[in-house]
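Chain IDs A, B, C and D follow the sequence of writing; residue 1 opens each chain.
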């Protein structure tokens, strides 16, 4: 149930025992303090309470500053500070009023009517009202926006979409219409992607939104973007007018700190280094191995990400995977438990299902323990499938053809995934299965992907709603690797998206998960966690369902 | 020199026979400075144009739709959106039209990056600073260290050591040097911050990384140059005047070695952008190197072309500076015109 | 002329009194001997890697992830629990292969382009020389990146990229050398004898140009290995999990603070290989083995 | 000689070794103030090392021994490098062979000239002001008769002509007021006319009281200047006597050989009246000069060569001799005019059509080393030529007896067949030139163009090669174009002479006319300047 899940996921990671001798540790601390002193010196503007946050940054600077068009997690992480949503979602998955005081859903579930707060203004002084909501939603579904995520969150699609349009009923009342029931809507609304730009910014800076910047990235949030150096730094100042946090938020009124500085530090090691030396107060996107590098005196928060775990996607229409026996054998042919333990040092959980346990109202615990490393069984299955001969290199063959598949990934492959793949590859060799890996550049990957010209690929897709499965399993879905039509699963998914009763939805998605477990189309590998590490001097830091740090109530005690 | 001198012509011919084709007559009046500068400028533009054209052709040959790149790997958008983007960026035009459009926009500075959605000039201007700081400090380090190496190598006892060290530096991959420095001084000793944006202290290790192979090459070439100069007949005559070793170095051989070293240094400085790619990756720094890698991996044609043009321009400008400097040092070059 | 004869250890000038160049100056120093030995061992590792490491470079062992160097794993293990020593030994083939292959390719292409330019009419020579200049205006690494972007990553792409980056230098030297040789007395003599130009080119000019290029190439192999490692380091090298020094190195860079051995040993291997090649190459150059 | 003053240097029992090789062996000599001692020897005789020993500038690796080595009366055997430094420049000055490379090309002439003075200036007046330096430089340049010394001091060595450069070098050696000058081949790289003036300058210095140690390979060049001559051979001084005595009655066979080898101006009777084999009709060849304009390398030269004739072409360096040779050989196409070979068009033909007739006209080049591909064995070199004959005759039959024919060719030029397997760098200069001649003969030529064929050779070898050429010409009834800067050499072989200057043929005619009754002043100047031994 949601409550227990949230508790389970938001666990404090155990601190590792300090590995270095005390003397060394002290010397290092001294050095760190010295450097911190140096680094802090120019910014010693006594009264200002500044929180500094180090992030990986990914491709944020590459035109992903428009919350409506981007699909990057980092955009949400950073821009949450500027943009508020109509509804909020508490840690236990409940939807609560935010910019909307209340909402009503029609019985046929085709109309959502929102009553807005009347005291909200944008950073540029524009009032937040029904017109602003409509302008933003119109912007999201405008083809020119080329929205990669927001449009699908709102239920818009060029064909067979759910979203019909937005109507202004009066100054503070707005109605969103759907052509058929679309259950994930509130979920989507609670995300920064469906946040609100000042209509003035939308009109005047339409072409600059992707590049972003002060005066362009203008929302209603607790922080105002005041300085922006792409790929280096974002500076925010507290929005003094702010008085409209989501219901149930502990902190109230203006943000607790005066200034929030987000520094882009792409390398995991350098983020940890910066944290240890006091250059930054909080870091995000910490890898499991790097957690060990964090010294004493820091809070580590790990939140298992909802959505689809990091998984292998099998193209059953291609090569040897057409045979279900081979798919079964493939899954049994590598020691996932040992691999995940070895690569992630026990910081990430091994995945069982195509949905992560933290995905609200959907997880199927019954699939746990249903498959594990078993070379005897895998060998037997392959024998049964007719792959009985072995060639000089020890690989199985059938009719002179070697048993093998190509795993296509796009560059860059993070170290942990590469190591995981190395182990999988090595294990599969023992059962006579040759798994080759092909790492291509994103552009080339897209070419291959468009025609599904590969056997196997990999990614993880975090999402707050189980509906993410629709794009991954439904026939013809954008992220559906298999090109084989499967009416039974399509129907289940369509049913689920139109169902708003949580229990019924959960039942439907559990069925989907069991189905995948039998079919072996997606092989889940590991449930990643968002790991954030903060100095203990940081107070009031909170986390959302994705483990993203929220700085509204955060301050640093110097 | 006065062309009227009857001896002048003869001197010229003797030069011809003695030192191959590179040296020629002195009797010709020097071409006017303006004309020469214009010639150089023209050559520079030609090289830039050639390089960008080659880049355009190469990038057109690459498989992969730039629209995919703009959208990202996991973006789900329909065909009409893609078409919309294609029209917006002129990607639906025939290649020749695209070529001239891109070239025209490059010249006027209006060319926008596919990925970054800002004018490439802005991106380059923004990112040039970190790279300039990096390469600038690297140059300072390289010259300083090379001087130390050269001075140490004057002591015969230390010469083999210096030379071995040089060879090791020249032979090590830049990024590996970076990693070792990072591991030793960053993680183990913690003398320097490992975070990229921690100001000057954070610049030390990357600059050192970039500088070390450079040091090796420069000091090697410089020492060879001095050795070569001191084996020339004029060094014998100079010694026969009773001058000291120090004077031989400072008044004679230093200048001879400086010419070659400058030429090489110019080439190396031009290739620092390439080195910056690796160093910026290792140290996770921002800068043109990082932009380059991302632009190429992302098929960001406009960005790549701008970077190529920039590299060609840097190359040409540095060459020009080096030529001017060498001509200042070496009258033979100056007179060859 | 007497002066030159005194330069016992210096490089001898082409075509000028070097009658008595015996085995003097050709005596290898201990460094050269050590370097040669290392190269022999390296070549053996390229041909029969299992001779040096019985362990499988691809064998992963999740339970032995990032083990420090020990008697069992001389260079420790990487994150997937593979033996770093075995990977370094087996990586020699790819690294040296690319280094040698790329150099050979650059040499041959540069030789052909350079000789053709050197012999062709002025117009063509000017065009080719300009093109070479354009290529040289690219920083080597940028050129390699662009080539990889065109050819695609992987061992072949790597080889072609490194070769393309190195080629302009060879072409330039080949062209200049061709111009020198073309005006050499013996080529003029051949013309006067009535030797057809194509035969003169094949028998005199190409071999005459090849000498300096070969010396350049010997040293170039080291540079090529380093460039290839750099590109592999950026993830543009051979497909995983095949061992290649640059690849192994880049696998180790994020574990630098916890497991230095993954990155340090392949780096040492590159350095040792390149230093050895450089030492032997210089010795051959000054010893004048390539006439 | 009578003019000798006090002894400035005395050497006894000087030996210099490199490891086991003794290159200077028990050498003894003295030089007095105002006296000139010339050490004459061929390359490798140890004469340069001997001169260098007086400056303490033996190359690394040289072991030096002497029972006596005094410089201005001081025992120099125990000198440290520091002591030597005080001696160099201030007591002993060095004038090296080639001023183009002996002066630092990157420094102004003035700086080079003043350096020794600067270094040795007494510490008391350490700070010399610029005006003083300048006036000292001007004085020095004046002393060596450099015109416009103010201008020259500001120029770089490269901007000076060869003669001026050599004078500047002498000035730089004089700068520290030395009492002894070691002049190592001071005139070798110079044209005869310039050479003469430099020798006159040295003679003047000698008269002013400086002791001069002159080192040269050229007996004739030093004969007028030297008071005494020491002949060096294989590291030993084989004979050392006053000049006149030595020239008139040489005692040692080697000295006699050297004397005999000196080419003496001679006039050959007109020979050959057969048909015209090679003809140039007012040919011109221009090269674009750097900057703007053109340089006329050959300007309207006409000549005729009949069967059996030898046409000598004389001129100083840069006069266009070699360009003319290349035009005659059709290695360059003339801008104007035409060359005819055996009465048929030659220079106007495309190379493809010329190739079948190339064998008739062969070349002996100046640099015997450069003209042989260093990668080829001698057999290979000769086969390359022989094979062309075979294919030219339509049959490829010759392959088998090629070795035999190559051997025969070597025998004809006086070489052993054992050399066939050698490579050029294993041969001596004379041997190489013989191989080049053999290769030319392999193609059965009718005309031989010899471009400075002996100028790179030692005098003794020079004479042998000239003899060989003469013999071959007569035996094979060859016509010959013989190009040289050395009038004496030309006069020995040529029956017709053409004098070139600045690309033009200033005078041409039979050897008798031109050498006995020169009309053009330049020809007369050349004849005057040619060094010759004083008639005994």
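Just so it is clear, a residue touches a chain if its C-beta (ideal position, glycine included) is under 8 Å from a C-beta of that chain, and two chains touch if they have at least 3 such contacts.
Everything quoted here is computed from the prediction, not taken from an experiment.
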With chain centres defined as mean CA positions, report which chain is farthest from chain B. D
Between C-D and B-C, the pair joined by more C-beta contacts: B-C
Averaging C-alpha coordinates per chain, one finds the centres of chain B and chain C separated by a number of Å equal to 21
Could you please state the distance in Å, as a whole number, between where the Cα atoms of chain B are centred and where those of chain D are centred? 46
I'd like to verify one number: the distance from the centre of chain A to the centre of chain B, where each centre is the average of its C-alpha atoms, in whole angstrom. 42
Among all residues of chain D, which ones touch two or more of the remaining chains? 97
Numbers and ranges of chain A residues touching at least 2 other chains: 267, 269, 411, 441, 444
For chain C, write out the residues touching at least two other chains, lowest number first. 3, 149, 152, 256-257
For the complex, give me every residue of chain C touching chain B. 3, 7, 10, 31, 130-131, 133-142, 145-150, 152, 179-180, 222, 226, 229-230, 233-234, 246, 249, 252-253, 256-257, 260, 263-264, 267, 270-271, 274-275, 278-279
Which positions of chain B touch chain C when the two form their complex? 20-21, 46-48, 50-51, 54-55, 58-59, 61-63, 164, 167-168, 170-176, 179-180, 182-183, 187, 231, 233, 236, 270-275, 277-278, 281-282, 292-293, 296-297, 299, 304, 307-308, 311-312, 315-316
Name, in rising order, each residue of chain B that touches chain A in their complex. 62-66, 68-81, 84-85, 88, 115-118, 123, 126-127, 186-187, 190-191, 193-199, 201, 283-284, 286, 290, 294, 297-299
Please give the residue numbers of chain D that touch chain C in the complex, ascending. 43-44, 48, 59-61, 97, 329, 331, 351, 355-356, 358-359, 361-363, 365, 367, 369-376, 384-385, 388, 392, 425-428, 436, 439, 443
Going by the contact rule set out above, which residues of chain C touch chain D in the complex? 1-3, 5-6, 8, 15-16, 18-19, 21, 184-186, 188-197, 203-204, 207-208, 291
